[in-house]
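My questions will all concern the structure given below.
For clarity, chains are labelled A, B and C in written order, and residue numbers in each chain start from 1.
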Amino acid sequence: MKSVTQPAVQNAGNAGAGARQERISVSAMIAKFRELGLLAFIILMSLGVQLRNPSFLTWENINDIATNTAILAILSVGMMLVIITRGIDLSIGATLALSGMVAAFTVKQMPDMHPLLVLAIGIGVGLLCGMVLGVLVAWVNILPIIATLGMMNVFRGLTFETSGGKWVSAHQMPASFKEIATGSLLGINNLIAIAIVIYIAAYYFVSYTRTGRRIYAIGSNPDSAVISGIRTGRILWLVYTVMGGLAGLAGVLWVSKFASAQGDTASGYELSVIAACVLGGVSIAGGVGKISGIILGSILLGILNNAMPMINVSPFWQMFIQGSIILIAVLINAMVKRGLDRNNLMRRKI
Amino acid sequence: MAKTEYVLELNGITKVFPGVKALNDVYFKLRPGEIHALMGENGAGKSTFIKVITGVYSPDGGEMYLDGEKVEFRHPTDAQKRGIAAIYQHVTCYPDLSVTENIFMGHEKVQRGTGRISWKEMHEEAGRLLKELGAAFSPKTVMGALSVAEQQIVEIAKALSVDAKIIIMDEPTAALTKNESEELYRITERLRDKGAAIIFISHRFEDMYRLASKVTVFRDAKYIGTWNVDEISNHDLIIAMVGREISQLFPKKDALLGDELLRLDSLGRTGYFADVSFTLRRGEILGLTGLVGAGRTEVCQTLFGIEKPDKGRIHYKGKPLQLRNPRDAMRHGIGYLPEDRQKQGLVLQWGIGRNVSLPTLEKFAVQGAINSRKELETAKSLAEKVNVKAKSVFDLVSSLSGGNQQKVVFAKLLNAELDVLILDEPTKGVDVGAKSAIYEMISDLACSGYGVIFVSSEMPEIIGMCDRVAVMREGRITAMLDREGLTQEAILSASMDGATGEEASA
Amino acid sequence: MEPRVIASKKEFTLKGLFLQWEWLLVLLMMAVFILNMNLSEYFLDYNNLRDATMGFLDKAFIVLPMVFIILMGDIDISVGSIVALSSVIMADLYNHGVPMELAVVICLAVGALCGWINGMLIVRFKELSSVIVTLATMIIYRGIAYILLEDQASGNFPSWFKFLGWDYVGGIPFILIAFALAVAIFAYLLHKTTFGRKVYAIGNNPTAALYSGVRVDRIKVIVFTLAGLMAAVTALFLTSRMGSTRPNIATGYELEVIAMVVLGGVSTAGGKGRMIGAILAVFLIGFLRYGLGLVNVSAQSLLIILGLLLIVAVAIPQLKMRVGAGRKTT
């Protein structure tokens, strides 16, 4: 409408639009530079903690943070895929505990078993859990929240049943098993090495395979996905199965690292994983989520968990802080999205 | 079956949804290199027909032949593999993904052997297609950031990318300006010259005359006939589509115009419409027309308090009006019959009675407790008044035909004390009989003192029913036509023409 | 066209009377009774059964508003945390010298406030689902409880406070009377009032409800606030019963409450279900729990049973629909 002369109202409108443009570009910036922002925040926070407690940035502690973060990061990959399809999985803490417990019991009975086989058993249990969930969500059409809430209790109950309410503690585990977590591969701690391998695989999967891209398509617009001929059910099932498999893997790693398997292992850990995802910019509304985002989200959360005790934050604050992080992160994600949508509207010619 | 001259042939296709026959024994034949127009009013079954061809729905009866070979599609990919592509009326995109991905979703280019997606190749191919279509945006743009017209181009690129033998275009021009339509015609013809067979669905006559050599008409889910375009007169075609002479359809009575009810002063909402000003008087039927996406529905929703305006003022009965929500609007006396009655107008799982009483529940309640006898009696008398075909007020509205469903929505409005009725596409997906009943109702309502805003894209009913017509284009009112100056040409030029060419690329 | 006559009275059919989910629950209830009678001779005893209700009815108060929430197609998984938070605040205030009567009122206010916050977040940020909002507040509310009480227990309530959870009025447990009263109010609200009708409308089609002049946001906020309030009522009874409170009380209540609601025939897709079903489910699960407890089935096995019950309860209608739809299209 450039050629048409506009009345004063329009000019006033343009002025208003200009002012708004300013604010909008902030959300556009956040969207664009989210990873950089997270990175900057991580660095600043680390420096701040370091000032309060010089033992924070020691090699030992950094290693500790990294190994702790590795498990969280592995689970975040699966959770990201689930959330991208507009789902959520509350059962992973229980899946993790169940496969950890099964693995621990197996090595208790058969101390000579090869660690790789133990890993396979744990992953197998996790996959099984995930498959069941996948069927419930993809084909029985149960809402993910309900299905995972229900199965969370089933898995948790099974964990207690498996152990008969007892622990499997460090002295019942062979050294070879504990070395899964403490050993290293080419000088890198196993946990970290496994996480790196999984991230590379996941990056390839979501960026360079059809199935990976279709996960995004389903989340972005489920109706279109059907019209495009995407087999929605299969992909949903796959996503929950992958999540289960990763939780199974994490279960073995967890039990190996902490050298104990208990009935309430990792209870509530799914919340940390969800927090890492939303911090990393994975949209609860589906269709959006980047590998680079969840790495940073996991690292940030890992550092936070490590740093809080170091600067004498009471452990009883931890839950509140974690919940606030989730809430604030999803609110910011929502506002950024609104800003971007508004930005797109402003671009329209009228 | 022997070799045939038809690339696609459908015999006696029937598709039933709970309560409705969406397609009833329809036939269709398509030759290679042909542009075949499929015409019919809204709700005639065109969209269902496409979804049958593309394998989204499987038919409940009838056969389909591709190159003489009988086929049964179980899944959209089956149709895709056989070279059938569709450009849907409502753009079906993935807003979070890039243009390239939108184009190639479902048939991504991958490296042979490894199955790795070749992004470079896909981006290049997408860029080439977009360039060919005259688009100025990059294939790496996120789909959600594009305008509707731009998204439509992506849809076309999608069909081009599969080298489809059969391309179905469902109302592709509905949201396009004249220049954009011209561009689309050009592309369509080029596709035909390359040997593709094209099914072009539209209810615009210009599209058909400009492009098609054959035309098939559906009406009320039934097959009416197929003609050569140069052998059928405009008049006969309308009768085929509508089912009777147009002039019999509109019982427009001259109403006495009363006080001014509504006055809009350069109302605007960012991204949707701007500078919208008009007035509405008692007894008046004000038409609001224009292309799909011109901002008509958005104006209505703002008048009904669903969205808030960013600019301008609304005066109602001489006083400034600010609406917080639809309930506020209804309390003031503004009612809205939404465009999509199944999603916005009705609770499909409910009976007629509950639907009718929902907006005015308080009338049947003492201290919040519902008096069901009073509720059902009122619902009964209202349903009878608008002549809903049903046995009892407990009949589920999902079991009613489109026309009867629409009557139920009307009944909802009649029970509220309203002065302004905003009717958004009130005859969409309604059979001919119900249509004329609805026209009569609208005319009576205007005579009894309502001010009516009548939104429609169907030219005949706008011309037949309205006292004045506001035409919108790209969010602005481009013409205000009186009943005397009301012609198809005047409306068309106001809704489609204009200096849009250089802006489309901007 | 001649004017048509439309009936305004419902035809009575036997099919309509008997083909209802609630009958299934009644059958299940009978099964539970028979099972429990065979498992333990102590089960079928009036006094035992009566006292059993005192053990499981506390969370039933949340079931009532949860029916509304799930009917609207939403969910609230923060209710267990609200119970904990309001209980902890009440105990903390009392032990800091606030009169118990006032502490009780504040407990209710805290619950309502928590629910109100949930509701406001959900209607202000429509792009977030109630799942994620209440997931976040679930952690936050319990987090606050931990901040206040750390890993301590707090109690020493005045003796009259024990009345709520332990006493009888005319031979009937007070909690049962209170619950009956609450049921009457909520059932009336849902089935007889304009408010309830609007809740059903929102659950079936929120857009159509909005376009029909229903103030969807307002109703959602009210319902979530009610859920918070009833969670606080649960906190009162539970705290009274236990005699003291900890930040980790009522963990997992959300699962049990949601299980009761969906087992009661309320569809998670929204818009379908009745109060009576949920009430039956409360007693069904309650007595099942009680009976299995008598024969020392572990709490963990109960978890498994509860989880499976929830899954089966939602799966049945889905599968039924699928079979029905399959028959129509083929």
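Just so we're on the same page, a contact is a pair of C-beta atoms (placed from the backbone, for glycine too) under 8 Å apart; a residue touches a chain by one contact, two chains touch by 3 or more.
As the structure is a prediction and not an experimental result, all values here were calculated from the model.
Chains making contact with subunit A as well as with subunit C: B. Of all chains, the one whose mean C-alpha position sits at the greatest distance from that of subunit C is B. The two chains most heavily joined by C-beta contacts are A-C. Centre to centre, using the average C-alpha position, subunit A and subunit C are separated by 30 Å. If you average the Cα atoms of subunit A and of subunit B, the two centres end up 42 Å apart. Centre-to-centre separation of subunit B and subunit C, using mean CA positions: 43 Å.
Listed in rising order, the residues of subunit A touching subunit C in the complex are 88, 90, 136, 140-143, 145-147, 149-154, 156-158, 160-161, 165, 263, 271, 274, 278, 284-285, 314, 316-324, 326-327, 330-331, 334, 337-338. The touching residues of subunit C, when paired with subunit A in their complex, are 75, 77, 121, 125, 127-129, 131-133, 135-144, 146-147, 150-151, 252, 254-255, 258-259, 262, 268, 298, 300-304, 306-308, 310-311, 314-315, 318-319, 322.
Put simply, subunit A touches subunit B in their complex at residues 1-4, 7, 9-10, 13, 17, 207-210, 213-214, 216-217, 219-221, 223-231, 283, 287-288, 340-342, 344-350.
The residues of subunit B lying in touch with subunit A in their complex are 54-56, 75-77, 79-80, 88, 92-97, 101, 105-106, 108, 110, 115-117, 119, 144-145, 147, 266, 268, 270-275, 295, 311-312, 474-476, 499, 503, 506. The touching residues of subunit C, counted against subunit B in their complex, run 1, 3-11, 188, 192-195, 197-198, 201, 204-205, 207-215, 217, 271-272, 328-329.
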